[in-house]
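Below are structures written as structure tokens.
First chain A sits with chain B, and in the next complex the same chain sits with chain C.
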Partner chain A sequence: MWLWFSKLGSPRWFYELSNKWLPWLYVAMMVLMSVGLLWALLFVPEDYQQGQTIRIMYVHVPVASISLACFPLMAVAGTITLVWKMKLADMVAKSVAPIGAWFTGLALASGAIWGDQIWGTWWAWDARLTSLLIQFFLFIGVIALRSAIESQDAAAKACAILAIVGAINVPIIKYSVEWWNTLHQPASDFSMDPVAPNPPEVWVPLLIMISAVYVFFVIALILRTRNEILQRERRSQWVIDLVSREKSV
Partner chain B sequence: MNKPLSDGAGSDISTWQAFCATLKRDLVIAFKRKNDLLNPIMFFLIVVSLFPLGISPDPVELSKVSAGVVWVSALLASMLSLDNLYRADYEDGSLEQLLLSPQPLYFLVLAKNIAHWLISGLPVVVLSPLLAYMLYLPSEAYWTLVLTLMIGTPVLSLFGSIGVALTVGLGSRGLILAVIVLPLSTPVLIIGAKAVTDVMFGLPVGSHFALLGAILALALTMAPLASAAALRISVN
Partner chain C sequence: MKPHRRKKLGIIVFIAVGLSTAIGLSLYALSNNIDLFFTPTQVAAGEVTPGQRIRVGGMVKEGSVEHSQEVLEVSFITTDYNHDVRIQYAGILPDLFREGQGIVAEGAMAEDGTFIASRVLAKHDENYMSVEVKAALDAAGNTPGMPQGVMQ
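Showing the complex of A and B:
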């Protein structure tokens, strides 16, 4: 177990392992994404209230759910950086911040498009919108702090602390705004019952889309992390070998 | 009081003594630099007086936004004065002495944060009824405003301290401090301003105070730890 753990911390090991993972992830994403998108856009029945606009949900919900997962992930990676000083964890933490900011921005944008159709307004100071907006600011803060500190080691630790503080704050922000103003509907339950408000024909494609976007997120994270590995390890022998091999091909 | 760990010369004072000494030192320094003491208060006054100019002199409209205006201005005033918290100590090296001292850094940071609140937060709390009056806040909400600020501004100092500790070694830190600290302060702002607005509508506010108190308790116990860890990273 510990051997595995320390191995996982080695950037080279991760780089080589992710080489093997990536093709499978690409295939999985293509399959899930095409099945999910086609099903959601062409075959899901129209909602009796929202009509065609219900299809925005199949982009909005996956993107929003991932944007919520990014901050805890960054905090966990930060904790590992602080406790075990694992290089790879900080590379992941650094890579996840811009992705998290993008996904939060996308969730806000797709929500605005949906909201324009359903609520009749692009923006409302509703609880979930506001807490997502503040989470977006928190991501920007982490990215800004990272780019402001020159020493890589100090930046890693400082961002780890900010990520942990932010992650403790995210639920507090969420509950305080929720309680301040709520327009957003609560998440609906998944139900197997075909006559329930949410029959399987509605939520199965949603689950497929969620997993597709999750795989996409993992791919993006791995690619960013691999870039980071190459950049930081550019003086180590295995990277030099790798680059010279690529050049000769 | 626990007997202090004695691991060398000069460490024979208790944590409590070190706490008091740090608090006293910061207050003395602040009172010797009258500008640092006055600037946050003046800033608070000026920002609050800008709002009627920008919105409207109409009492009805102003009384609607008064709670939020006072709260946002208090938040900005607290943030503006944060830079004094560790900056001068960082530059003259006394921050390093603080980090090297055998006493737990948690209490020293807490003392500095309390000093910062006494200098920048408390005057804002004391002045707030006057400004609330100028903004036509209904008189039944005065006490709620003062009390929420009383509980809320220490949280602003404690959270802000984390941001300053993270950025103290940086050259250009003014804006990045705001980007880091302001989003963290939103729960306090929301609950504090909401409590005052609810009182104006005759709604019960006990739960708001309970939440603010809970956030203060959390900030008191956790934030100095994060500040201490951040200081150890920034000072290297």
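Showing the complex of A and C:
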């Protein structure tokens, strides 16, 4: 197990392995995304309260759930960087930050569009909205911190600490709708019963959309990390060989 | 695990636990300020001073909505099923506003105990279903699993 762990930490090994994963991930994303989008946009029945506005949920919930996964991922990568000094962990941490910022921004934007229709306002300073806005600023802060520190090792350490500290916000976002009274509704319980609130016809397409956006996220993360690997290892022999091989083709 | 790594991991865990506790305690202390709105029960308990700008949240009580015939003014009762607050509002209500719906009103208490709202927002619950499913549930006479209100 430890051998596997140290192997995974090798950027070269990850670069070569991810090359084999990517085509499968592309196929999975295309299938899930087209099924999910068509289903959610065309075939999900109108909601009894919201009408067509319910379709925003099929974008909002996936991007929001992934934005919440990005921060813990960055914190775990940061911990690995601080404790084991694994090179790959910091590359992942650096790559996930802009993706997390985008997903958080999209969650805020899609939520605002929905809220404007349903609540009658696009913004309220309730605990859920505010804590997610804080997460958006934390992502921006991590990106800014990294670009502000010139030394790569020092930047990695500083960002790792900010990521670990900032991850405390994640459970606050998650449980804000239960701990305090908010404008945002709490999470729904899915029902297996077709004649009940939140029946399968509502949540099955949502589950497909969540998986589709997750696969998209994994692809984006792998591509960014591969970029980072080539950038940082540009002086090592295997990258030089790889580039010369690409050129000769 | 090598001793120096174990030590580092220990420091990180210690800092994370310490900070979480500190933040948790401050959030707990501030929970009244983090809540978006006061419930009718809190209003009844006298937690609100008249004139102070606040939000009140609850369900629109069945049969309590009275629209003015001449002007765009509406009066209704919001309830958490323990206490009621009468709300007066002049303005456009959100589409989702109806009896039995959760709402949040922004404004201030008048001396006579009515709440003068300057804005009314609709709260959406966590139940999503099609028109057909809702009709079938209503026909069956009950809506299983439907929580009573906006107050969790």
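Note that the second predicted complex is superposed on the first by the 236 of 249 C-alpha atoms of A that agree within 3 Å, B and C clash if a C-alpha of one lies under 4 Å from a C-alpha of the other, contacts with A are read in each partner's own complex, and residues count from 1 in each chain.
Quick note on the criterion: a residue touches a chain if its C-beta (ideal position, glycine included) is under 8 Å from a C-beta of that chain, and two chains touch if they have at least 3 such contacts.
Computed from a predicted model, the values in this text were never measured in an experiment.
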- Task: Applying the touch criterion given at the start, work out whether A:199 contacts chain B, chain C, both or neither, answering first, second, both or neither.
- Result: second
Chosen between chain B and chain C, the partner touching more chain A residues is C
According to the stated criteria, A:137 is in contact with first (chain B), second (chain C), both, or neither; which is it? first
- Query: Does the superposition put A:50 against chain B (first), chain C (second), both, or neither?
  - Reply: second
- Message: One more residue to check, A:243. First (chain B), second (chain C), both or neither?
- Response: neither
Request  = Go through the superposed model and pick first if A:164 touches only chain B, second if only chain C, both, or neither.
outcome  = both
Exercise for the section: Mind working out whether A:172 is in touch with chain B, chain C, both or neither, as first, second, both or neither? Expected result: both
Task: Using the superposition on chain A described above, determine whether A:38 touches chain B (first), chain C (second), both, or neither.
output: neither
A:145 contacts which: chain B (first), chain C (second), both, neither? first
Is A:126 touching the first partner chain B, the second partner chain C, both, or neither of them? second
Contacts of chain A common to chain B and chain C in the A-superposed view 82, 164-165, 168, 172, 177, 180
Listed in rising order, the residues of chain C that touch chain A in the complex are 5, 8-9, 12, 15-16, 19-20, 23, 27, 31, 34-37, 39, 57, 93-96, 104, 119-137, 140, 143-146, 150-152
Per the touch rule, the chain B residues reaching chain A in their complex are 162, 166-167, 169-170, 172-173, 176, 179-180, 182-184, 186-187, 190-191, 194, 211, 215, 222-223, 226, 229-230, 233-234, 236
Chain A residues touching chain B in their complex are 82, 134, 137-138, 140-141, 144-145, 148-149, 151, 154, 157-158, 161-162, 164-166, 168-169, 172-173, 176-177, 180
Residue positions on chain A within touch of chain C in the complex are 45-50, 54, 57, 79, 82-84, 117-121, 124-127, 164-165, 167-168, 172, 177-183, 185-189, 191, 194-199, 201-202
